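So, here come the structures, one by one.
Look for chain A in each of the two complexes below; its partner is chain B in the first and chain C in the second.
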Partner chain A sequence: MNTLFDAVAFARKGPLSKLNFARRDMTSRLGLAVGIGLLIYYLFVFFVPFAIAVWLSFQNWDFIVDPKFVGMRNYLRMFNDNYFWQAVRVTVTFSAIEITVAMIIGLILAFLLSRLRGFKQRFYLALFYLPVVVPSVVSVLLWRWLFISDGGAFNVLLTSVGLPAQPFLLSADQALYCIIVMVIWTFLGGIIVLFLAGINDIPEHLMEAAMLDGAGLLRQFWSIVLPLLRPVIVYQAVVSVIGTFQLFEQFVFLSGPGFSTRTLAVYTYQLGFKSLDLGYGAAVSMFIFVMLLVATVLQLRRYRDAIEY
Partner chain B sequence: MHPFHLAIIVILSALALLMVYPFVWLVFSSFKTAKDIVTLPVQLFPREWTLLSFQRVLATPDLLRAYVNSLGLSFVIVALVLVTSSLGGYVFARLRFPGREIIFLIILSTTMVPFITLLIPLYLMMQWFGLINSYLAIIIPSAISSFGIFLCRQFISVIPRDLYEAAKIDGCGDFAIYLSIILPLTKPVLSALAIFTFLSAFNAYLWPLVVLNEDRLFTLPIALTKLLSTYGVTNYDLIMPASLLACLPAVVVFLVFQRNFVQGIALSGLKG
Partner chain C sequence: MSMWVQDFGPVVNAFKVAAEDYASRSGTVKVTVQSIPYNDLQAKVIPSVAAGNEAEIMMGYNDWYVATDISRLFLPLDDFFGGRAELEKTIFPSSMDAIDTPGNKTYYLPYLAGLRGAVTTVNAGQYAEQNLEYGKFATFDEFLEAARNLTIREGDSIKRAGLSIWNAALVMLKTWIWQLGGEFYARDTGKWSLSSPEGEDILQRLQNLYQKDKVCNLDIANREYEFFLQGALSTQMEGAWTLGVAADANPELKLDSVVTPRLSDARQAIACLDHIAVLTLSKRLASDTQKQEAGIGLAKALISPDALISITDAYSGSLMSKELYSDPRIQRTRFGAASKRLAEGVWPNARFTQDRVANQAPALTELQRALTNEISIKEALANADAYLNEQEAQARERLRA
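Up next, the complex of A and B:
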């Protein structure tokens, strides 16, 4: 408000009114056009669909009879729906284990890679990154084949070293862990590259000083790399949570028996496109949104703490 | 230092071997005969080396068409994303217009909502607009990337302002400046963005699965998964070589632009 008054007073002074004119002229027509265009675009591909999702979650609709308003019934139904809670359990268990293990392995590998230089570093990085670029459906189908319990590649490997063959995807107890391994394998490369970039940003003199003080690799990792990397670690955790909640084809083609590996994302898809229970599907998908929002906000708060560190 | 170094190499090599292990199976199996691929228990090395499996893929019109579909779609999406991201990034980094900050915040806020929440409503909208079984249904939602605009804005806002001001004084319009100054200088970030966009467009599965249900329109990931269930038999003898071919564009892009990858991830990650 103050600046507005200042500007008016400034303009009234006469000769400077020209400057004010120049300032108004600085509104870019291109900028305005692009800005408005983007607003319209996002209105249609984001805000309208989001509004529809909210609206749908209060309706009962099967695509055939007209939608009917049912108030909170879809949300209440969730809390009594064992399939829903099963999906929540699968999703949360999967995310927690996958993210923790992947980040620990990623940290260690990034640190080891940071001790290498030039071609060697790029060579190993390329190998670790390869699964990230391969189409996810290819990886999924490949692992499905490797996991074949009756004479598949992994069981051939196990039995050749004298270990008992495993049922893998045929077992409700093992299937989820099989998918965890597969997903860690898929995305590990991305985590390593990000952590490596973070480690490379750490001033070299800190490491050298630590080395001169006789700190070993482990000590350097624990006392320098880990604390300084905290913002990057928290960032990666946020991205991973959002990513793992939305994985789809992994759970469809590597699914275990029954509902042992059905996540919220797959459940939403099935409600919407298989059982045509659109309202309830929308409600479950709103639950995913709120869960992710809460997780992100909580983690970002830690992100701020980490930066102030 | 030296024993450490050796230990690092040994550990990294062992783990790298584990990472590559699935691909080794993929490659070797693609050179097996059809019978060899589906015989259990599996055997790593082909009993008989052959290129017949690739011949079978080339003789499967569904797969070839899907390959062409995916490549074409991905190129269109990459082109659109590059134009919209660089223009959007430029506009938000350099130009003045009312509502600039708010519009940018609105665009960023859209990344907070997971795609799965928009899945059902977006499908309904596409149906209302009659876009089911049309590539427009795939192209429109991916033509503009919030992430791309954000990335470009970050990058363009550190380009020295003098360049922009000087061109302005010379009488260049905003769009001329975009074409002649901003676009050439934004090349590094655009090539990183191009790679990520290509990969995600080429690899997309869920959304194309939902909006396409005619065989002739299928993208490669969908065509591949359809091989799983024809006549209740899993056609691994086709899936293996076709998968290997499906990896090619991505792996080539990756190997050629490896440097941009690392740069791009560092750029996107640390500024987040």
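Up next, the complex of A and C:
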């Protein structure tokens, strides 16, 4: 019995073959049941709502009156809608800055943490991860208090060192950046955990060889960690793009003046539930879907090219 | 039976008392009251009606329902309340025009209103310090003059703002266009035209407050109510409700509210209102006689002076019942007298546009951009018109379909 195939053949011929078949039959039935269950779940939770949203995007509907088919009009409206493009600008600016900054900081901190061991590493990891488990409404309220222009913690700090107080959320120029800071703080822990796991997977002998060749920390990071971590970085980028497009309460509760912090997600909600313009809201959500799809495909292409080891 | 109500303490309490009272009298009806935050309630009512699982009685706001067909949302009430003419004997008649209803039927009961813009709330202590008798102001221009005196500057910054109309800018624009004899909305065609000589004139006056007279800055304007609570804003137009809420939040403040006087060059006394709370009943009650009877009974109890009087102990805005204000008990509650004075001062001159735009916030934001000089007055009005016309056209198309 040298191979797995031999073992299988023996089992089929042997006295346990009936029992094995019965078990296999049961397993495949269970598998079938789980598979069908999942299929039904995905059908009702994802595919049916998605199909309805696609249908809705070609209608003018308000929940109540009969839907009116309007063809491509909702999609054409988007191109002449300044509010839509403003929301696209805000969303893309937010995502680009938030993801870039969070990933750079996360990468550096994960690398530094990977140099620690035992309690120290766990302690700092827990510290960075803490905001992830804080309910988002609580952290939003906390940051709103920190950003209060008159007597808020940040301005007290700034004025105490002789710097001018800032309007923060009251300024159309600063509000978006305030939310970026808050979101980075919130999700940094998750990014660090992922990167740390990736760094820990890098074969130790590569680092040791680099050290023997006289490579310092910066050189190790640049020449070994960064290239070998590329698949993880690409994965994190994909997840982050999708995640930032879906953020909602942060923009509702920390909103800046005018349209300065209105993202596509908030705009879609307002179109649907405030304006009762559901068809157009659905068309905007389809645009978000296509944007995310394109971004994901582009990033996954880069993932395919990532270095394997 | 279930009732959905906005999570505003005094109103929730009034609902609970009415529910308990009705349940104990009937013996067979069990009533639950669910208090829901404003935004959640707004997002919940119409989808729930569409799904057929809405509460039997719901509090909501008129502007939530203007962009759809209200006759397909709620139970018609004429048969139970004797029609509009009968209701107008006990309710301020103009409040019955808050929504353009098909066939002039009644689908909602006007309940309460904050009266944004129609009421001016002042820090009476600060006015007294300057010997300014706001109660005798005959025109709004006198408030502008007072604001200049009340504003305290410290270098480039404002330590105390005299007046802010930030959140009331759109409703004041509408009010004052009407007062000057202009028009901004054609009900028959649904065309919005805030861009007009009157519109530009009014928005220029509003902009002057922030840019020329500098009686307020953006910092204070963005958080009018908070600064008013801190005594850093002397006059605001958020509505009559702020009198009661602010008095509770900061008992040291000496506050008062007055009906906003007309402009000095006004041709007519008129106040545009756009946001009032209404009570509605589920259409499902039409097919359930027992529940229908209970629902109507509860609705009548909720708008009765007995139920409303308790609200005026904490709420200083307007309630819609003329009956309530003719009840002598109104003078004995904490804000009863103020509520009566303001309601009776505003409602005879109140007018609704009866438009079809559910969410007018983007139009307000366009005006606010002009107040900060981010865009020109003409551009702000044109943007606001473009938005309102687009929304109006969408709603009208749905209604025609």
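Criterion: the second predicted complex is superposed on the first by the 278 of 309 C-alpha atoms of A that agree within 3 Å, B and C clash if a C-alpha of one lies under 4 Å from a C-alpha of the other, contacts with A are read in each partner's own complex, and residues count from 1 in each chain.
Rule of thumb we're sticking to: contacts are C-beta pairs under 8 Å (C-beta built on N, C-alpha and C of every residue); 3 or more make two chains touch, one makes a residue touch a chain.
Everything quoted here is computed from the prediction, not taken from an experiment.
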| query | Of the two partner chains, chain B (first) and chain C (second), which one does A:F273 touch, if any: first, second, both, or neither? | reply | both
| After superposition on the shared chain, which partner residues are touched by A:P257: those of chain B (first), chain C (second), both, or neither? | second
| request: State whether chain B or chain C is in contact with more residues of chain A in the superposed arrangement. | output: B
| query | With the two structures laid over each other on chain A, which partner does A:M72 touch: chain B (first), chain C (second), both, or neither? | reply | neither
| task | Could you say whether A:L163 touches chain B, chain C, both of them, or neither, answering first, second, both or neither? | result | neither
| message | Touch test for A:A96: chain B only (first), chain C only (second), both, or neither? | response | neither
| Touching A:V294, do we find chain B (first), chain C (second), both, or neither? | neither
| So, does A:L146 touch the first partner chain B, the second partner chain C, both, or neither? | first
| request: Using the touch definition from the top, say if A:V45 reaches chain B (first), chain C (second), both or neither. | output: first
| query | Where does A:N60 make contact in the superposed view: on chain B (first), on chain C (second), on both, or on neither? | reply | second
| task | Report, in rising order, the residues of chain A that make contact with chain B in one complex and with chain C in the other. | result | 150, 273
| field | Complex contact set, residues of chain C against chain A | value | 42-43, 46-47, 49-50, 67-69, 72-73, 218-219, 222-223, 227, 357-359, 361-362, 365, 368-369, 372, 374, 383, 387, 391, 394-395, 397-399, 401
| For the chain A and chain C complex, residues of the former touching the latter | 60-68, 82-83, 149-150, 167, 170, 172, 257-259, 270, 273-277, 280
| In the complex formed with chain A, which residues of chain B make contact? | 4-5, 8-9, 11-12, 15-16, 19-20, 22-23, 25-26, 40-44, 87-88, 91, 95-100, 103, 106-107, 110, 112-125, 140-141, 143-144, 149, 173-175, 178, 199, 202-203, 205-206, 210, 220-221, 224-225, 228, 236, 239-240, 243, 246-247, 250-251, 253-255, 258, 261-262, 265-266, 269-270, 272
| Residues on chain A engaged by chain B in the complex (per definition of touch) | 26-32, 34-35, 38-39, 41-42, 44-46, 48-50, 52-53, 56, 109, 112-113, 115-116, 120, 122, 124-131, 133-139, 141-143, 145-146, 148, 150-153, 155-156, 185, 188-190, 193-194, 196-198, 201, 217, 232, 235-236, 239, 242, 245-246, 248-249, 253, 264-265, 268-269, 272-273, 278, 281-282, 285-286, 288-289, 292-293, 296
